[in-house]
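Below you'll find the structure, written out as C-alpha cells, and then a few comments.
Which chain is which? They are A, B, C and D, in the order written, and residues in each are numbered from 1.
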Amino acid sequence: MIKAIFLIQTNDRKGLLASVVDFFYSRGYNILKCQQHTDSFEKRFFMRIELDASDMKTSRKELEDEFAVLASSLSLEWSCHWSDYKTRMAILVSKTSHCLYDLLSRQHEGELNAEIPLIISNHPDLERVAEQFRITYYCLPVGDDKKAQEEKVRELLRKFHIDLVVLARYMQILSSDFTDEWKNRIINIHHAFLPAFQGANPYKRAYERGVKMIGATAHYASEDLDQGPIIEQNVVRVSHELTPEGLREVGKDCEKQVLSTAVKAHLEHRIIVYQNRTIVFSVER
Amino acid sequence: MIKAIFLIQTNDRKGLLASVVDFFYSRGYNILKCQQHTDSFEKRFFMRIELDASDMKTSRKELEDEFAVLASSLSLEWSCHWSDYKTRMAILVSKTSHCLYDLLSRQHEGELNAEIPLIISNHPDLERVAEQFRITYYCLPVGDDKKAQEEKVRELLRKFHIDLVVLARYMQILSSDFTDEWKNRIINIHHAFLPAFQGANPYKRAYERGVKMIGATAHYASEDLDQGPIIEQNVVRVSHELTPEGLREVGKDCEKQVLSTAVKAHLEHRIIVYQNRTIVFSVER
Amino acid sequence: MIKAIFLIQTNDRKGLLASVVDFFYSRGYNILKCQQHTDSFEKRFFMRIELDASDMKTSRKELEDEFAVLASSLSLEWSCHWSDYKTRMAILVSKTSHCLYDLLSRQHEGELNAEIPLIISNHPDLERVAEQFRITYYCLPVGDDKKAQEEKVRELLRKFHIDLVVLARYMQILSSDFTDEWKNRIINIHHAFLPAFQGANPYKRAYERGVKMIGATAHYASEDLDQGPIIEQNVVRVSHELTPEGLREVGKDCEKQVLSTAVKAHLEHRIIVYQNRTIVFSVER
Amino acid sequence: MIKAIFLIQTNDRKGLLASVVDFFYSRGYNILKCQQHTDSFEKRFFMRIELDASDMKTSRKELEDEFAVLASSLSLEWSCHWSDYKTRMAILVSKTSHCLYDLLSRQHEGELNAEIPLIISNHPDLERVAEQFRITYYCLPVGDDKKAQEEKVRELLRKFHIDLVVLARYMQILSSDFTDEWKNRIINIHHAFLPAFQGANPYKRAYERGVKMIGATAHYASEDLDQGPIIEQNVVRVSHELTPEGLREVGKDCEKQVLSTAVKAHLEHRIIVYQNRTIVFSVER
C-alpha cells in the first residue's frame, strides 16, 4: 500500500483537527492514522496524518497544491512524504565499526526504508566493511585544511543525491555552514546521556564522576556541538566494576540501538522539530 | 477544566474518524485530544476523544443522547466519562501491605482521581494501615462457607457504591458470579509475568526455573484465574543470588508499580477492552 | 543469625585476599560471603566480607582489636558493622510527601534495618504523615538566620543519636560544616540524572532540552551541591507528551525507588567510598 | 595477560573459600578475581577464580593435576580454562539473518573470544552473509530423513573441531542424542520470555494473549524443548499498536542482544550449571 504522510505544526487553536480531517475525508481519502500532540506549555499543535494513497484520483502534485491552500489559510507549517520513495542515506564514520555494521545489516534485512549508496570516512579502516556490503567508500583524511575536506564531503553528498546524513561515530565537528545547509537532515550519535558529558571523552568522564548508568543520545546536528534537537536516548546500568574502557565496550550496544531507532523515526517521517525539541510520533506495525 | 471522555470501538471502515470528529466540532466543542487505534489484524477501530466540557450549551444528558443517535447509526460501542466524577474504589487485601500502602499514599498525594471509602480483608493484619488513613476496614475471614463470605463482600461493595475493585494481593479466587457482575471493573495484580507462572507460588516456581527476570501483571479479573485482559506488566532483573524469598522481596516494588499504573489508566478512562486484550491509550500531562 | 561485616580498602597488591580470608578462617569463623573489587584503573582494592558471628568465642571488641593489628600491618582502611545493630535514621523533608511515604512504609514492612525516630522539616505540611506513623516531627522554618536553623537541626540529630540523615526532597542547601561533620552519612535524592541538570529546577530544564528520559540520583551530600559520590541512579522514559509538570509527576516514582535503593545499600553496609566514587556491592537474599 | 579460570561447585560447608584461596596463594599465584555464590536454598557452593598465569613456574598440566588432588579431597566439581585459547564456535541458522549478523559483526569487532569457522543452515538463504565474512557455509536441507541430516551436522561439528554450537534462530528441534552429546555446549535463542510461550509461534500467541512486554531467552539446549538452563533473558515494552508481525520485528533486537550476552558469558567462562539453573558471574572490564 502506498501511503502519503503529512507532518503539520502551527499555533494551537480550536478546530484544527476537524479542518484537516475534513480536508482529506471530503476528497475521499482513507485516513489510516491520525496522531496529534498539543503542547499545552508552548500552545503549539502538531499532527501526523497517514493516508492510503493507493488509488488516487488526482496527481500527487495536485493533492499537495490543494493542501497548500488550506495550509496557507490556517498558517500551517507542513511537509508531505510518500512511502514509496526510498530516502538516500550517507553514512559518515571514523574508525569504529559497531554503528556502521548495525545500520548496514538492518538495511540489508529490510528494516530501513532507505538506500545507502555512500560511506565517507576520514580514515581508511572501515573500507573492508563497505566492501562487504558493496557500498562506495571514500576516504577523505582531515589534514591541515579541514575546510577543504568538509567541502569535498559536501560535494559527494550532492553528487550522490543524498537526503539524510548519519554520523555513525564520525569524530569530527562540522562547520555551521554544513549544519545550516543540512538542518534537521544530519543525525549524530553522541556516546553519553545528553546534556550530561557533552563534548569529548564522555566515558572517561562518566568513570570519574562515578555514574551508575551510561547512555547514548541521537540528535540532529546543529551549529552548537551536542546541542541539537534530541531524537532518542537510552541508558544501560553499569557498576563500579567497569573501567573507562569497559564503559566504552558496554556503551556500544546502547549507541547502536539509539542511533538506529532515531534513523528509523526519521525515515518513517515520524519526527517534527519545534524550537530545539522533537515530537516523535509512535510507530504502529 | 472539566473534560468529557468518550471511549469508542467498532469494526474498522472508512470515515469513522471524520464522522466522530465532525459530530463534536459541529456542536462547538474543543477537542483536546483524539487518539485512535486500528487493529489491522482484527480489523477493529478504537478511539478515545477528550473534550473541553467547561462551558457546555446543553446538559450532559443531552450530549450523550445525541451521541447515542450517531453511535447507533455507526454501530459504535461506546461509553462517556466526566472528569469531575471521582471513581469510588474499594481495595481488597490479605496480609501483605506493600500494594495497599502504595495505593493509599498515592491517593493521599492526589495522584489518583478516586475516593477510597472501603478496605476489605480476609485477615485482621492490615486494619492498622486502614486506620492510619482513616478508611473503613472490614475483616471478613474465609471460613468453611466461602460463598457466604463472598456474598458479604459483594454486599459491602454495593452498600458503599463502589465503582472499581482493586485486588491488592487479595489471595482468594473469586467466583464467576462475582467476576461476571464486575466485568472489567476488578483489577488484580498477579506476582508474575503472565502467562508465565499462572496460579500459586510464582516466585518459588521462578526460582526453580532459574529465570533471569521476574515480573508482575495487572489485569481485569475474569472467570478463569489469571487469564483476564492484561492492562500492564513490568519486570525486574534478578540473578542467581536470590532465593525464592529474595525474589518475593524484590518483586514487591514491581507489583506496586504495575498495579498503580493499571489503576491510573482505568481511572483516567484510557482503557478499552476487546476480546481478551486491552487498548491502553497513552497519557498526556 | 548475627553477622559481622567488614568493609576494607587499600592499594592493590598481591596476597590481600588470602591474608584477610586466612585471618578469619584461622580463628574459626564461617565466611558467609566475600566480595572484592579491584579497580585496575586506580590500582585500588576493595573488599566486603560477611561472617557468621552467632557463636563467637571472643568479645566483639577483641575481634576488632585483633583485626586492627592485621589492618595496620597491611595498611587497610576498614570498618566493622554488626547486623543486630539498628541504624538510627532521621528524615529531612520540605513539602512533598512521596519519598517520605515510601521510606516510612518500607520501614513499617520491615524492609529497612533501621529505626526512624525523627522527622525534621522546614515546613509544617507533612506533620500529618509523621503522626500517621507516630514519629516525632519538628518544624524548623528557615527564616532570616539560616545558620541558626541549621544549628538546631544538627542539635536534634545529636540529641536523637542519629547515625544516618536522609534528605527526602529537603529543598535546602547544607553548609560545608554540616556536610563535613556528616561525611558519607547524609544521603540526598536529586531529581535528575546527574551530572545532567545539577542545581535547581531540573524538570523544567529537562523539558526545555527535550530529553527523552528523565532520572533521579541518590548521592552522599558533600560540600559542593549535587557533586557528592553517587550511590544509585535510575531513569524513566518520557515523551514529548509531558509538560514540565508532567515530568515532575512521572519522576516521583523514580525518585522514591532510587532513594530507597540507596538507603538500603547504606543500611546493609554494602557501600565503600573512594575519592568521589562508590563501590556498591550486590545484595544476596 | 594470560589468565587461568577455575569454575568450581560442591555442597556448601565451612572453609571452602579459604582452602581454595590458600591453594593458589601458597603456590605464588596472583588471584585477579574471586567470586563465590552460596545458594542457601540448595546448600550449594559455587566459585569462579581468575589467576594471573603469565609467569607460571610449572606447566599448565602440573597445575591442573595438583588442583585435581585438592578437588578430590574436597569433592569439588571443577573445570579449568585458559584465556589464550579461542573457543571454536559454529553457528546454525535457518532463514533469518539478524542474530547471525549480530554475532559475526561482534566477532569481527573483537568482542568475542572465539573463532567462527563454520555456519550450517537447513536453507540456502544466508550463504551470502557467510560469504561477506568469508566463513564456510553448509546448506543441509531437512528432507524426509531428519535423522540423517542431523548426523551430517554432527559430523561437520567434529570435523571442524567445534567447542560451542550457537543456534541463531535455527528452527529445528534437536534429538536427545545430539543434546546429550553436546550438553551445556549448545546455546539456543528462544523468541519469548520463557517459560511463557514455549514452543512454536510465540509472537502470534503473545499478540493473542495481549501481553505488554515481549522477551527473548537464551538457554542451553536440552532434551526437552525450551526447558534447558536459562542463561540470559530480556524484554521490550510493546503496546496494542503492534500486530503479530510487528512484535516479530520489535523482538529481533531483543533476541540479538540476549543471544550475544549469553554467548559472551559462555566464552568468558562465567557460567556454572547446577540442576536446571545457571550461576552467571558478573563481568569486570
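One rule holds for everything that comes next: a residue touches a chain if its C-beta (ideal position, glycine included) is under 8 Å from a C-beta of that chain, and two chains touch if they have at least 3 such contacts.
By chain, with names taken from UniProt: A, B, C, D = Formyltetrahydrofolate deformylase.
These numbers were taken from a predicted model, which means no experiment stands behind them.
**Student:** Which pair, A-C or C-D, has more C-beta contacts?
**Tutor:** Result: the pair with more contacts is A-C.
**Student:** Taking the mean of the C-alpha atoms as each chain's centre, how many Å separate chain C from chain D?
**Tutor:** That gives a centre separation of 37 Å.
**Student:** Can you work out the whole-Å distance between the CA centroids of chain A and chain C?
**Tutor:** The computed centroid separation for chain A versus chain C comes out at 41 Å.
**Student:** Identify all positions of chain A at which a residue touches two or more other chains, and write them in rising order.
**Tutor:** In chain A, residues 37, 239, 241, 243, 282, 284 touch at least two other chains, as defined above.
**Student:** Using the contact definition from the top, classify how the chains connect: line, ring, star, complete or other.
**Tutor:** complete
**Student:** Contact residues on chain A for chain D in the complex?
**Tutor:** 97-98, 101-102, 105, 108-109, 111, 132-133, 239, 241-243, 245-246, 249-250, 253, 257, 282-285
**Student:** Would you pull the chain C residues touching chain D in the complex into a rising list?
**Tutor:** Those in contact with chain D are residues 14-15, 17-18, 21-22, 24-25, 30-38, 282, 284.
**Student:** Would you tell me which residues of chain B are touching chain D in their complex?
**Tutor:** Residues in contact with chain D: 37, 39-41, 46, 193-197, 207-213, 215, 229-235, 239-241, 243-244, 276-280.
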